[in-house]
Amino acid sequence: MVFEIARKEFLDLLRDGRLRWCGAIIAALLLAATLVGWRSWREVSAERAAAQTEANRHFDEQEEKNPHAAAHYGLYVFKQKPSLSFLDPGVDPYTGVSIHLEAHRRNEAKDRPVRDSTAIQRFGELTAAVVLQVLLPLLVVFLVFPVIAAEREQGTLRLLMSLGVSPRSIVLGKLIGVTAALGLIVVPAAALGMLVLLAGGFHSERAWPHAPILGVAYSLYLGMFVVVSMAVSARCKSSRHALIILMALWIMNTTIAPRFATDLSRRLLPTPSSLEFQSSIGTELKAGIDGHHVGDERLERLKSELLAKHRVDTVEELPINFEGVALQASEDFGNEVHDRHRGRLEKTLGRQDTLRKALGILFPTLAIRELSMALAGTDNDHARDFADAAESHRRKLVRELNRDLEVNGAGLGFMYQAGPDLWRSMPRFRHRPQELPEILTRQTLGWVSLVTWFAAGIVLLNGATHSMRVD
Amino acid sequence: MLLYTILKYELRLLAADRTLAVVVLLLSLSVGYGVSNGFAWTEFQRRTLATAAREEAGRFQELKSRLAAPGSRGVPADQFGSTLGTRFAGLPPGPLAALVIGQSDILPYVTSITTTDHPSLVNDVEIENPTHLLTGRFDLGFVVVTLYPLVILALSYNSLSADKESGTLAQLLSQPVTLRTLLLGKVAARGLVVIGIAVAISVGGVLLTAGVPSGEKLVRLLLWLALVAIYGAFWFTLATLVNALGWSSATNALTLAGSWLLLVAVVPAIANVVVRSTHPMPSRVELTLALRTASDRAHATGPRLSSRFLEAHPELVKGAAEADEFAVQSLAVQEATEQGITEILEDFERQLSRQQSLVDRFRFVSPSIATLEGLQDVAGVGSARYRLYLSQVASFHDHRRDYFRPRILRKEPIEANDLDDLPAFAFEEESLGSVAGRVGTALIGLTLPTLVLAVMSRSVLRRYRIAGY
Amino acid sequence: MLEAIELTKTYGDHTVLDRLSLHVGPGEIYCLLGANGAGKTTTINLFLDFIPRSSGTARIHGMDVAEHSLETKRHLAYIPEQVNLYGNLSGLENLSYLSRLGGRTDLGTDDLLEFLSRVGLTVDTAGRPVRTYSKGMRQKVGIAAAIAKRAGVLLLDEPTSGLDPKSSNEFSELLLMLRAEGVAILMATHDLFRAKETGTRVGIMKHGRLVASLDTSEVGHTDLERIYLEHMHD
């Protein structure tokens, strides 16, 4: 019985010309978006990898100079493209991709790709993620809104029930039929995604556990739309009414909620302007140790401590290079100031993220957006992780260079010079993206939202099935 | 007269229906939220610009008293030019900026101008949560481009089909009324309500955020209203055409929702892909590396560059017996470095202006693109205005450098009385004429498809089946 | 008065109305009888110019309805099986709208209430939204619209089907009243009883053709049913 209904529903949907067109358009867009995403991934990741190699070479091939001068010259590090970013580029275009690591200061990531874009960038990009998050749910709404409501309108529901078909089998049959029709788009798309992933030249070991989990998340999301739409169709008197309710739900989720969340979190949790932020750091730094001016009180204290420790009278007699110690002390102080300010800012930004994730409980599209970006490695957290990794590398690099000055440059002051051997012995920048468990725990709210909505949809549908009216 | 009767009763019908109340309420709430967000953002920008100006003034004041003190020997020109005398070049929010945020959250609006760094390489971006940038803001521009069509479609997707389905259509048409007059009356009633509200709310938004407009602002406001009205007319005409095809209300709703999604989201997104892949931007990553390569090379060949630099710029050393060797070398290195990347920088500009002209052509494909760009232009957050700002910043930078270079070479320090001669940056607003010209094109881009749809509806309506098979 | 001369409607090869000729003068009620699909509604729709004719002529007050579509509608009123009105407006507002569209902008509220009371709707009822009305009450608003318009021609498409006997009877009374005022009435119906009671003439249609036309005064109730069934037989 259920199978018969499913078959009828499936064939009905396939015969509907409008839906065939919608489905074809969406499938074509999904295909195009995936291929465009893959192509740009290939170009960008090749470029970034090459850029990192060249930046390393720049650093290694410096002439003989004081290690601190090398620290000022610094090193550029570039954010590498994660494999799944071809499906969901997320915030990647909106975050800086390169960071200049140099002595004394923590630089912001720069070269946001979006800086060079036209006004239509504001309409968003065509990515596989957008098709899956926005367009496919609309197709689901279009497919599902009439399945029960229209039968009620036409009186065929009355007919079916008079034949002794239980509401349960009707709903179940239709659910299977609709899902099968949707599968005609989703399954080939998933297969294509898999194919691209396997043959596209990715570091597949980083994509492997993520991709199937991403698939689960999207299945939950789309499944939620199917179940909720079905429940609405079962409850509504007319199919027009069902369509209006579902369209409203879709618009709220995909169009209004994201921007609403943006401005809400900006208002509730404001961030300082860049100018304020930098100038408050600058003021604090100025008040503290400055390695270049040996008149500072704290520096004097450091000096007398060292002299006492080594039981000598002048800096020149020290078995180490005092400049190296002083520079590192200034570095440590600067880091502390930066950490404090940066920590405050990051806390605010993190709260904004949490607010958005919390709103995801109300609007599942917000939840899937965050989940998808997190699994693709293109969310705020990943951008922040990259910046943090770069910063800790900067500290390590500067410390090692200062240390070399301190240990090997005894008695030479700033006259000490080191060569390429030292540059080449410096640690390499390697950024390992987050591990899966961490990604998943950071996105707990997203999973809660999707599962809750899915479950609520089933409960709703169940309720509607039990109390189904014939007209 | 007849049209007036239809209009009056349609308005009465709309008023009796809950839909109108709900829709108007939602529209008003969105507009209120949008305008207040835009206003908060412009205030934030103004505060930041004021902070920058205060910091700059304070720094100059302090410097002046230091230089005026007896025994001061001035500040070396190179030190002044590169750090102490840094000027902020700010882009003030546009005349009606509270209405649209546009790209202003992505593009830097304060640039610090020194003699050393080329302004297009300065990275003064505002702190912002990246997801916010990705999503975009809930401003009036978003409400007009995206939500306003939805309101129109929600009110008019069944303007004719509902009457046909309920049978009132036959009743009305048994009176001496043509279908065309009837439909016109229905559309006019809805148009009056929605466009009227949109216009009233826009005016209210301007009054609240920018005060009573006069002169140039008034013209901009009028252009804004024209865009809103014609964009609304486009969607009404589309709804009319779909109704004239005589489908059921549900089919109309599906068709119109699909068209909305296509025109507001899909076509612009495709346009974005097309624009970016036909005129790809050079990569900033490449630029960063090229800059470093050029600077390394210039540093390595420093001494040779110095003599070449002096040969190339005899005017700079004129009068100075012997130029400071270190200063010459650093200027020479700076110039050589910049020369190393001019090509890429020019490539950036070239590609961006190509992209822009392609986008301009896309205005005729998607009314949403035309409207968004038009609204941004009117509000004063558009890309043309931004390019104007960049070019003013560049020439300000060049001016300053021309001032400082000879002084650096001649080892002439900057003294107290010099400080007053140094100009501050002031953005010169783009001319109303060029704004009106671009918006005029956008209006044409909106009017053409509206007319085409209107003509189509007229001819389709002739085949409308009131009864029968 | 209204008349059809050789009025024909075809859809491709399918003829739904075949050379219909009839004439209804002032004070006459012509009842069209026939099975579903016999062409009754098509005839009414042709007189309303809701569908284009294939050949022949339909005239109202001597004017061709296809050529003078709007002009002829000034003189007619139409009452279908279900008089469809705006549920959110009151009976009075609906009537006011329809009569204004019909060109009677001179009528005040009192006039309209007067018409409504003539068809049996009280002032109290007239102010209520139409969605609360019964089917019979809606039909009465339709009649009131015809009165308000001073329509010389009334086109009725199965107006009494689905009405309870009392409402049906009230409706017939109203028709007789209009007939007495000299209105020409064309009514498609299944109700042989009402056709005999109120009609002056009866036409029987089959497969788009008028197969019989009788004067009701000439036949009794049982005769009409017999004649009708005979025609339906083959």
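By letter and in written order, the chains are A, B and C; residue numbering begins at 1 in each of them.
As a convention for this text, a contact is a pair of C-beta atoms (placed from the backbone, for glycine too) under 8 Å apart; a residue touches a chain by one contact, two chains touch by 3 or more.
These figures come from a predicted structure and were not determined experimentally.
Counted by C-beta pairs in contact, the busier of B-C and A-B is A-B.
Of all chains displayed, B has the C-alpha centre closest to the centre of the whole protein C-alpha set. Averaged Cα coordinates give chain A a centre that lies 69 Å from the centre of chain C. Centres computed as Cα averages put chain B at a distance of 62 Å from chain C. For the pair chain A and chain B, the distance between C-alpha centroids works out to 26 Å. Along chain A, no residue makes contact with two or more other chains.
By the touch criterion given at the top, residues 11, 41-42, 45, 48, 50-51, 69-71, 73-74, 76-78, 80, 82-86, 88-89, 93, 97-98, 100-103, 105, 129, 142, 155 of chain C touch chain B in their complex. Against chain C, in their complex, chain B makes its touches with residues 1-2, 5-6, 9, 12-13, 16-17, 166-168, 170-178, 465-469.
Chain B contributes residues 30, 33, 37, 40, 44, 47-48, 51-52, 55, 102-103, 106-107, 110, 123-138, 142, 146-147, 150, 154, 158, 249-251, 253-254, 257-258, 261, 264-266, 268-273, 275-277, 281, 283-289, 292-293, 296, 300, 348, 351-352, 355-356, 359, 362, 368-369, 372-373, 376, 382-383 to its touches with chain A in the complex. Per the touch definition, chain A reaches chain B in the complex via residues 18, 22, 29, 32, 36, 47-48, 51, 54-55, 58, 63, 76, 78, 90-91, 93-98, 108, 110-126, 130, 134-135, 138, 142, 146, 239-240, 243-244, 247, 251, 255-256, 258-263, 265-267, 271-277, 279, 345, 349, 352-353, 356, 379-380, 383.
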